[in-house]
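Following are the structures in question.
One chain, chain A, links the two complexes that follow: it is found with chain B in the first and with chain C in the second.
Let's turn to the complex of A and B:
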C-alpha cells in the first residue's frame, strides 16, 4: 500500500503530524501499537513557551479548545507546576494561592484521586481545605468490583448525571471560594466542565486523577476522529517491526498485522515514543530502537541509567535516538534522508524542542514543514 | 539478552505495567458491573491463578473475547488470550445444553438445512421463541439466522459450476465457514463472481470444518482443538497444491490464524500465512494491476463497521479501500465500536440486555449516518445490526459483486 507519508506511532506527535499533512492534501497512514501516552496526559502542554496560533487552530478544528495563560496549575498530589498552554479543562492561576478556602470533593469508593495530599499541599500555601465525599449510587459498583472504579468508567456516567453532582456540591458549599473536583468530566460531551463551572458560585478546579486521564482520552479520540475525517488511514493495534532501507533512504516498513503487505511512502515519521511506549527498548546491556536500529544516546554504565532517589530526575528519561538538526534519524552517524524522528523517542537529545507534549508538537511541526517544503 | 527471551511468557503478561488503558476500551465493563474488567480478569488475575487455581473467577465468562483490550494495550499483553486461556484451563464445568447447541454451528446447520423452510418458519414464531427462552434461556427478543435450503458446498459442487471454476488458470481455495454454507450461500456466490471477474477460479477445501470459535467461548475447547487440527491439515493440503486460501469471515480468519496456536495449542505455523481475507486478496490483485469493471450508474451510500475481530486482525483497511474505490459509492467509516453480539454471547438470555447496551453507540451512529447499507465482514455483527437498527448489512464482497458490470 502506498502513501505520501507513513507515520509510526499514533500518539500526540503522530496525530499532529498526520492531521497537518492530511490538511495539506497528503495521503498518510498512522501505525499505532496500542493506545498511547495521551492516556496519561495532564492536560497541559509543558514547554510550549509561546502561544502558537497554528497549534490552537489545529486543535480547534478537531473540537478541542486550548487556552494560553502563563501561570501555575495544581497537580494531583497538591503541588504546583508552571504551565502556559492547556486544555480548557485545566485552570491556570497567576499565583499559587488561588483561593482562601477550598472545598475538595471526591466520590465515595473512588481511590484514584488523592484529596488528602491536595489538602496538605494547599494548606501549606495558606488555603483552608475541607474534604467531602459524595455518594453517587449510579457510579458505585464497589460492592461488586472495587478495583475497577476508574476515571473513565465514572466519566461515562458523569456525562449523563453531572447536574446531580452539581446539586450535591451546592448543598456542601459553605463559605469556600473554590471547589476542587477530580478530572472525570467531559469524556464524550466536551461542554460538561464548562457547564459545571457556570453552575457553581465558586471557582471550579479540575485536578488530575490516576490514569487513564479523562481529558487525555478525549483528546486522543477527537484528534483521531479529525485525522480520519481528513482521510487518514489509522491502523490501530498494528506495529512497525522492520524497515527496508537502501543507501540511506527508507522504502517501506513491515508491520506485524500486514506482514508481507508492505507500507511504502516517500517519507516516514518515527513517533513511536520512548521506553514507556516501546519506541525504545532496553535489555541488560543496551538501549535500542527496534524498527530502524537508529543510534541511541544513553550511558554505557547501566547503573547510571536511573537515580535510586525515586522522585529525582531519572537519567533514562532523557535518553533518545540521535537525529540531525532536521530530525533525520541517524544510523551509525549517517542520517536516513526521508525519516524524521519526532516526539518522546527523541528524549532530551534536542532540548530546544522542549519536553513532553511540547516536544511532541514542536518536533511534529518541524518534520511536517520539511516534508511540505519538498518539491 | 538471551535471558530475557526465556523469561517472557507467551501471553506477555509480565509486560503489564498496570496502566489501566484496557479498562477504558472494554465494552463489557461499561455495562456489566459483575465483570471484573480486562486488567483484573487478565494479567492481574493470572498472577494469582498461577499461585493457586482457587483464584479463578467465574465472572470471566462475561468476557466477549472481542480483543479490544489487546488492540488498546500499549505493552503488547495478550489480555483476551489470558482470559480465554484461564477459562479453558480452570473452568471445568460441563457446558450447558444451550451452549452446546449454540456452539455446534455446523452440526445444527447440517440438521436444519434439509428442513430449512420449516425451521425458518418455526424459529421465527413467537411461541418458539418463548419456549426457547423458557427452556434453554435463549433470549426471545433475538432474531434467529435463517437456514438455506441448499448449502454453498453443494452449489459449488454442481457439475456445471465446478467445471466453470476449473476452467480458470489461477485458482484459490475458499474457506467459507458455517455461515456461508448453511445460512447464506449468496455471499459465497458473490465471492465467486468477483474472483471470476479477476480471472480466478474458486474451489473448496478438502472438507473443511467449523473454525471452532463458538466452541472455544462455550467451554468446548477439546472439540474445537479437534476441528483446528483437522482444518490445519486440509489447509496444508491446499498449500501443497500451491493454492492460497481466501475467507469472507473476519472471525473464522482470526480464529484459524491466532486462536489455534494461542488458545488451543494447535501449531498452525505452516499454514498461517496462506490464509487471508478475500478483501485483502482482491486488493492486492488490483494493486498489482488487475482491473474490475463496474456499473456506470451504480450508487450506494455505505457505512463501514469494523468488526472487533477485523480490528484485531488489522485488515479493515482492505475492506475500506475496496469499498471506497467503487465508482458511485459514498463511503463513511463508522467509529470503531463493538456491536455487542460477540457470536453466541448475545443470544444468551443473561447477556441480551448488556449486548444491546454495548451496541447502542454504534446503532445511534448508523441511524445518524443513515446509509443505504452498512458494510461489515462479520456474520454475527450483521444479525445484530440488522435486528437492532433495521438497516441492511452487506459483506464488502457482496457490494463489490453487486457493483460489477
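Let's turn to the complex of A and C:
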C-alpha cells in the first residue's frame, strides 16, 4: 500500500499531523494501537497558550470547542493549576476563589471522583462546600458488576439520562453559586455539558475523574472522525514493527497485522509516544526506539535515570529520540531524510516546542510544514 | 483498675511480638502490644514468605531444621488461610555437585523432613518453569506463607482474647525501680501523646531493633544486622518453591505467593544506622536476576514488580562477615538470670517459620515469672479465619456462587470473609482491580484492624500490591480512609507517602514495563489529578 505519508501513532500528535496533511490534499495512513495519551488527557493543552489560527480551525472543524483565556483550573484532588488553552468544558477561573458556596455532586458508589478532596481544597480557599451523593437508578452500582462504576461506562449512560441528573441537582441546590460535577458528560453528544450549564441557575464546573478521561476520549474520537472524513486511512489496532531503510531514506514500514503488505510512502512520521506508549522501550542497560533504531538521548548510568523522590521531576521522563531542528530522526548521528519524530517520543530534547499536548501539536506542525514545503 | 496496667507488655509488632501476645492472651494474661509504626514492618514483612520445610538448614543446622519442620506442620493446621501448601524442589544444576544431594537427603531425613529424590523428568513435569537443564531434584514439604496475614491474624486473636494494641507508639524509655523494670514510657506518633504503661514483665520482641531496646533497659544484647534483598515478579511463574541443592548461598530460593513470586536473598552485614532505611543496590538486583534465572529461566523475561530488603535479627556469635553461618536458632534471654534485671525478657533470633515456638518459649518465661501455670494452646488452636482449610469451600458457604473477587476475599480472610457480606451490593464494588479487593473488605480492615494509612491497608488487604502498584486503587482507597477518619489533609499526605513508598521499591528495577507503569503513575498523579 502506498501513501504520501505514513504516520505511526494515533494520539494527539499523529492525528493533528494526519488531519493537516489530508487537508492539504495529501494521502495518509495512521497506524494506531488504539489507546493513547488522550485517554488520560487533563483537558488542558500544557505549554500552549494562544495557538496559531490553523490549530484553532483544525479543532473547530473537528467539532471540538476550545478556549484560550489563561487562568487556573480545579484539579481532581482539589488543587489548582495554571492553564491556558483548554477544552471548552474545562472551566478556567481568573482566580482560585471562583464562588462563595459550592455544591459538589457525586454518584452513590462512584469511587473515581474525589469529592471530599475537592471540598477540602476549596474550603482552604475560603469557599463553603456541601457534598451530595445522588442515586440514579440507571447507574446504580447495585445493578452493575463490580468494577463497572468507571468514568467511560457512566458517561455512556449519562449521554442518555443527563436530564435526570439536572432534575436531582435542581432539588439539591440551595443558595450555592457553583455546582461541581464529575467529568462524565458529553462522551458521544458533545452538546451535553453546555446544555447542563444552561439548565442550572449556578456556575457549573466539571472536574476530572480517575482516567480514562471522558473529555480526552471524546477528543480522540472527534479528531479521528475528522481525519477519516478527510479521507485518511486509520489502521486501528495495528503497530509498526520494522522499517526498510536504504541510505538514509525510509522506503516502507512493516506492521504487525499487514504482514507482507508493506506501507510505502514518500514521508514517514513517528508519533508512537514515550515509554508508556511503547514508542520508547527500556531495559536495564538502555532506552531504545524499536522501529527505526533512532538514537536516543539518555544517561548511560541507570542510577541517574531516577530521582528517589516520587514527587520530584524524573530525569527518565525527559529522555527521547534525537532529531535535528527539522525533526528528522537521527540514526548514528545522521538524519533519516524522510522520517519525522513528533510528540512525546521527543521527550524533553526539544524544549522550545513545549511539553505534553503542546509538544504534540507544535512538533506535528513542524513536520507538516516540512512535508508540505517539499516539491 | 488502672487502664494502663497490664500483666505483660510486649514491644514489637512483628510476627514474634504478635505471636507472643496471642499466646500470653490465650493463657489469660492482660496484654499490651506496643509498636512504633505498623504491624510487620521489619523482617516479618521483608522476607520470602517461605513456609520452610527446614531442608535448607538440614545440613548445617539440624536443630533449626527440626524446629522448622515441626512448626511447618503446625502452621498448616492453625494458619490455613495464610498458607499455600505448594511443596518445594531442591534442584541440582550442571554446575553444582550432584554428590551433595545424598548428604542433603540424609540430613533432611535425620531432621524428620520428608525428602524424596525424584527423576529430573518428573521435576520438569511437576514444575514446568524449572530450569530444564537440572540434573537432580529432591521434593520437600516447602510452602508459602503470607507474613502480613499471619501477623494480623495473631494480633486479631490476641485482641479477641482481650489484648490491647498500640500501633504508631514508640517506647521512649523504661520505668525502672532498683533492679526491676516496672513499665515503659511511650510516645504516640499520631496523637503526640506521651503515656506510661505498667506491667510486672516486659518482653522485647523487636527483632534487629531489640539491641537498642535492650540498651535502653540497661542490658546488652549483641545483634548482627544482615541485610537480605529480594525481588518480586509480577507473575506467579512457579507453583512449587524452587531451591538450589547446594550450601545455602545468594538468590537460591524462588517462592510463589498469591499472584506473584519472590526471588532472594542476598546477605550483607550493614551498620545499625541503616536498619531503618535499607536500600537495594544495583549489584544486588543484577545478582538476584542472574541467579534467579538459573532456577527458572523465564524470570529473565518476566516483569519485576518491586525490589525490597529486610534485616535478619541474627544474634551475634563470631566474626562471620556474612552472617550466613550464624545459627537461625531461637534465643530467649531472661535478663534476671543473665544480667540481674528483673521483669525483662528478650526473645530474638529464630525466624518467621518458628515464630510460634518463639512465642511459646517467651510466654513460658513470662508465665514462670508471674507464677501462672497454664499450658500453651497455640499449636492446636486455629487462628481466626483458619477454622476451615479450603478457601473455596469458605467462599461457597458464604455466597453460594461466589465471584472471583469473593473467592479472593475468602483466600485472604478465611472464614472471617463472612464479615464483609453486608447485603449491600455497593460494598462489592472493587477498589483494587489487580488483587480484587472490594469496598467491603477495605472498610472491614479499616474498622477492625487498626488501619491508619494506605500502607497499613496494603499490609492487611493487598490493596496496591498488584501489577499496577496502586496507580488506580490508591486514590479510591484514600477516599474510603478519608471518610473513615474524617480528615482529608492527613489523607493527602498519606497518599503522598504511599506513592513514595511504592516508588522506593520500583526505581531500583526501573526499566521495561515497571518504568512504563511508573511513568504513567507519575504523569497521572502530577498532571491529571493534581496531587
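To be clear about the criterion, the second predicted complex is superposed on the first by the 370 of 375 C-alpha atoms of A that agree within 3 Å, B and C clash if a C-alpha of one lies under 4 Å from a C-alpha of the other, contacts with A are read in each partner's own complex, and residues count from 1 in each chain.
Definition applied: a residue touches a chain if its C-beta (ideal position, glycine included) is under 8 Å from a C-beta of that chain, and two chains touch if they have at least 3 such contacts.
Everything quoted here is computed from the prediction, not taken from an experiment.
Peer 1: A:156 contacts which: chain B (first), chain C (second), both, neither?
Peer 2: In the superposition, A:156 contacts chain B only.
Peer 1: Scan A:167 for contacts with chain B and chain C and give back first, second, both or neither.
Peer 2: A:167 contacts neither chain B nor chain C.
Peer 1: With both complexes superposed on chain A, which partner does A:257 reach: first (chain B), second (chain C), both or neither?
Peer 2: So A:257 only meets chain B here.
Peer 1: Would you sort A:40 into first (chain B), second (chain C), both or neither based on which partner it touches?
Peer 2: both
Peer 1: Considering only the touch criterion stated at the top, classify A:238 as touching first (chain B), second (chain C), both, or neither.
Peer 2: A:238: touches chain B, not chain C.
Peer 1: Between chain B (first) and chain C (second), which, if any, makes contact with A:337: first, second, both or neither?
Peer 2: A:337: touches no partner chain.
Peer 1: Once the structures are superposed on A, label A:284 by its partner contacts, choosing first (chain B), second (chain C), both or neither.
Peer 2: both
Peer 1: Just to be sure I read the superposition right, which of the two partners does A:211 touch: chain B = first, chain C = second, or both, or neither?
Peer 2: After superposition on chain A, A:211 lies in contact with both partners, chain B and chain C.
Peer 1: Is there a shared patch on chain A that both chain B and chain C touch, and which residues make it up?
Peer 2: In the superposed arrangement, which is not itself an observed complex, chain A uses residues 40, 141, 144, 147, 210-211, 276, 278, 283-284 for both chain B and chain C.
Peer 1: Can you name the residues of chain A that touch chain B in the complex?
Peer 2: That would be residues 1, 33-36, 39-40, 141, 144-145, 147-148, 150, 152-153, 156, 210-212, 217, 225, 228, 233, 235-239, 255-261, 276-278, 283-285 of chain A.
Peer 1: Touching chain A in the complex: which residues of chain B?
Peer 2: It is residues 1, 3-4, 17, 19-21, 23-25, 29-30, 33-37, 39-40, 44, 70-76, 273, 280, 284, 287, 311-315, 317, 320-321, 333, 335-336 of chain B that touch chain A.
Peer 1: Can you check the complex and tell me which residues of chain C touch chain A?
Peer 2: 282, 286, 403, 405, 424-426, 428-431, 433, 438-439, 472, 475-476, 478-480, 482-483, 488-489, 491-492, 496, 499-500, 502-504, 507, 510-512, 515-516, 519-520, 522-524, 526-531
Peer 1: For chain A, which residues count as touching chain C in their complex?
Peer 2: 40-42, 46, 75-81, 108-109, 111-112, 114, 116-117, 119-120, 141-142, 144, 146-147, 149, 208, 210-211, 213, 274-276, 278, 281-284, 302-303, 305-306, 308-311, 314, 316-317, 356
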